[in-house]
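Quick heads-up: structures coming right below.
Same chain, two partners: chain A is paired with chain B first, then with chain C.
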Partner chain A sequence: MNRAALLLLADGRFPAGGHAHSGGAEAAVTAGRITGPGTLEDFCRGRVHTTGLVAAALAAAAAAGADPLALDEAADARTPSPALRQTARRLGRQMMRAARTAWPSPGLDALATARPRGAHQPVVLGVTARSAGLTPPDAAHAAAYEAVTGPATAAVRLLSLDPFAVTAVLARLAPDLDEVAARAADAAHRCLTEGTGALPAASAPLLDVYAEAHAGRPVRLFAS
Partner chain B sequence: MHLDHEHTVFPQRHTWAGPTARPDGSRRALRIGLGGPVGSGKTATVAALCRALRDELSIAVVTNDIYTREDADFLLRNAVLPPERIAAVETGACPHTAIRDDISANLEAVEELEDTVGPLDLVLVESGGDNLTATFSKGLADAQVFVIDVAGGDDIPRKGGPGVTTADLLVVNKTDLAPYVGSDLGRMARDARRQRGELPVVFTSLVAENGVAPVAEWVRARLAAWAAVPA
Partner chain C sequence: MSGVHATARITAVPDGRGGTALPELAGEGPIALRRTRSADERAARVTVVGAMTAPLGGDRLAVHVTAAPGAVLHVDAAAATVALPGRGGERARYEVRLTVGEDAELHWLPEPLIAAEGSDLLMTTTAELAPGARLVLREEQILGRAGERPGRLTTRLTVRIGGRPLLDQELSFGPGAAGWAGPAVLHTYRAAGQLLVVDPAFEEKPAEARVPVRDAEQGESVLTPLAGPAALLTAVAPDGLCLRRLLSASVAP
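So, the complex of A and B:
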């Protein structure tokens, strides 16, 4: 049990670059899909059960000690949008910087050396969790949590939503996060014996399409 | 690293922003942050500094725009530096977060510039226009310049705030506009001195020939101090 380290890692103030990203929320706002707390909740639920689940499983597998380079390839294969692959690697590199300062370890050093341009963020998150003495379910929870808090924070800024209403959205999603994290941790466990094919490959095509459109926009508040 | 003379150059500063050497052992560039309210002349100052110093120094620029690439594009359009020496960082609606609370994207941009076009002597990091409390993290900038202008009201130095009071250099820009907006430069100078003690203040008009000279001189002095620090 190492609960405080998990809180630190999952805190939105952990300086790993996440504040500049909306997790697809800005593009969805632009497209008129997110307009208020209700549609934000739909968006977040969809995200956590698709790309959130994949990220959580990758993070859990990395925390469990699976080969991070194989996981990095698995992450590439599960991220069809080039813009999102680039974002994931950039955020992975930024998380690596914070992680190596907070919880230095040979595992983090090795991954940083093997992927100097950045590994996928969920993989770095998982290796970080391992360095911090956290469990695979912990890593899965952190990834699932991040999958909804990023868009929620961005939606507050983009639409001036009532922050209490948005916090209530996140509270309603908490059981979903627990369920996704449990499924992810289970897949991660199987990944250790069956390989990366055991990891979920859920996708959200609209997130991919929007991410590509967003990357080409000259005026935007969030990088992704 | 606690050289005695350093205290006269940076009276309030006892450390540099992280290690002074890059992983390969070479000396990293001096990093100077430029912050200040929207439209005060940060980009104009960066552009003028590049023009004034680019023949003697290897320079790169990182811009932090709030929602566009406007600052980077302005610098590119005006060809103050070759395009590969200008990088834009996106800040997610919150410029002070990117220069103070979570500096990872900016550090990344600085290091990428050093890797691709280095070795560099000087990296200028421009913050997106922000409020009077915005300051650069000591992990990102070795020294910071706060740019205000006379048109934003001559009571800004009196109001103070972390930018005005703690910046290593306060620039009061657009002095050419003072007569038109009724700003009292003498009062601004007195208020700034009251807020900042011995910390330097310069008044500039960037529309004038070589108007950036006082800032360029200050930058040269910082570089000399930086060069004196053992790597």
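So, the complex of A and C:
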């Protein structure tokens, strides 16, 4: 049990650069598909059960001690959008910097050396969790939580939504996060014996469309 | 165990005269195979003919396709596949296994898969490619026949080159799947599909990412270069016709 380290890792103030990204929410707002708390909730539920589940499973598998380079390759195969691969690696590099200062470990050093331009962020998150003495389910929870808090925080800024209403959205999503984290941890466990093919590959076609459309836009508030 | 269990097999090899022979062409159960005329002299063409409606809940169907080194094989279908509910409410499984050898080329272009109301199907497509192999693969999923609610459909597409993962995608729709009808996944669209092209020529010159159509009436699509010698066109659309139009865009290297 190392609860305080989990709170620190999952805190939006942890200096890993996530605040500059909306997780596709800005593009969905631009497309007129997130307009208020109701559609934000639908967006976040779809995101956490697809790319959120994949991120949570990658993080849990890395925390369980699976080969981070094999996980990084599995993350590439699960991320067809080059804009999202680039974002994931940029965020991975930023998290690596913060993590090596907070919880230095040979595992983090080895991954930083093997992927100097950044590994996929969920993989770095998982190796960080391991360095901090956290469990695979902890890492899965942190990744699933991040999959919805990023878009929710961004939507508050983009649409001037009532922060109380958005917090209520996140509270309603809590059972989904627990379910996703449990599935992710289970898959991570199987990944240790069956390889990365056992990890979920849930995809969200519109998130890929949004990511490339957003990357091509000259004026935007969030990087992704 | 109830339901039909059937595995159809196709093996293509070079015929030594610049064309492709089919030493194995074995349909089974509801999956009948016909050798059809190919416009490409190098290629053998096979059309999958659904001899009866399948898959029903509880069925376990499989198609195993091998293009041996140097072979050129085109596989298409005579009609859409409709997943229907079985008597006991069990899930149906449909497994497609594609193996493409060195310098071989496989075009896997089936007709759409339609998830009728009340059906429950898990479809897995696994492609194992040798380095230097070429693959053109199209998948189309339509959620429900006209005017009905969708069935439960999960499709997983896994592509490996030389044993390393190139693409791994799973789509899950319908009753019991969470969040799919929201603005992150399908929004109000009821058809989704992908066109994947794997070609060594992409090593030298990767495809450029683009978002070709942004008209919500017609659907949306995005072309993405993968982290490997391949390009993927992903599309979502209100119906199967719009989807096919989006997936007819050129993805050639």
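FYI, the second predicted complex is superposed on the first by the 224 of 224 C-alpha atoms of A that agree within 3 Å, B and C clash if a C-alpha of one lies under 4 Å from a C-alpha of the other, contacts with A are read in each partner's own complex, and residues count from 1 in each chain.
In this section, a contact is a pair of C-beta atoms (placed from the backbone, for glycine too) under 8 Å apart; a residue touches a chain by one contact, two chains touch by 3 or more.
All values derive from a computational prediction rather than experimental measurement.
**Student:** Touching A:Ala174, do we find chain B (first), chain C (second), both, or neither?
**Tutor:** A:Ala174: touches no partner chain.
**Student:** Once the two complexes are aligned on chain A, which partner has more residues of chain A within touching range, chain B or chain C?
**Tutor:** Residues of chain A touched, chain B against chain C: more for C.
**Student:** When the two structures are overlaid on chain A, which partner does A:Ser81 contact: first (chain B), second (chain C), both, or neither?
**Tutor:** In the superposition, A:Ser81 touches chain C alone.
**Student:** Thinking of the overlay built on chain A, is A:Ala114 touched by chain B (first), by chain C (second), by both, or by neither?
**Tutor:** neither
**Student:** First (chain B), second (chain C), both or neither: which does A:Thr50 touch?
**Tutor:** second
**Student:** Between chain B (first) and chain C (second), which does A:Ser22 come into contact with in this model arrangement: first, second, both, or neither?
**Tutor:** Once the two structures are laid over each other on A, A:Ser22 reaches chain B alone.
**Student:** Is A:Val209 touching the first partner chain B, the second partner chain C, both, or neither of them?
**Tutor:** second
**Student:** After superposition on the shared chain, which partner residues are touched by A:Arg13: those of chain B (first), chain C (second), both, or neither?
**Tutor:** In the superposition, A:Arg13 contacts chain B only.
**Student:** With the two structures laid over each other on chain A, which partner does A:Ala98 touch: chain B (first), chain C (second), both, or neither?
**Tutor:** First partner only.
**Student:** State which residues of chain A lie in both footprints, the one left by chain B and the one left by chain C.
**Tutor:** none
**Student:** For the complex, which residues does chain B have touching chain A?
**Tutor:** So the residues of chain B in touch with chain A come to 66-69, 89-94, 97-98, 101-105, 107-108.
**Student:** Can you name the residues of chain A that touch chain C in the complex?
**Tutor:** Touch residues, chain A against chain C: 24, 28, 31, 33-34, 39, 42-50, 73-74, 76-83, 85, 176, 196-197, 200-209, 212-213, 215-216.
**Student:** Which stretch or stretches of chain A touch chain B in the complex?
**Tutor:** Checking each residue of chain A against chain B gives 13, 15-22, 90, 93-94, 97-98, 154, 157-158, 218-223.
**Student:** Which residues of chain C touch chain A once you look at their complex with the stated criterion?
**Tutor:** 156, 158-159, 164-172, 177-187, 192, 209-211, 214, 216, 220-222, 224-228, 232, 234-236
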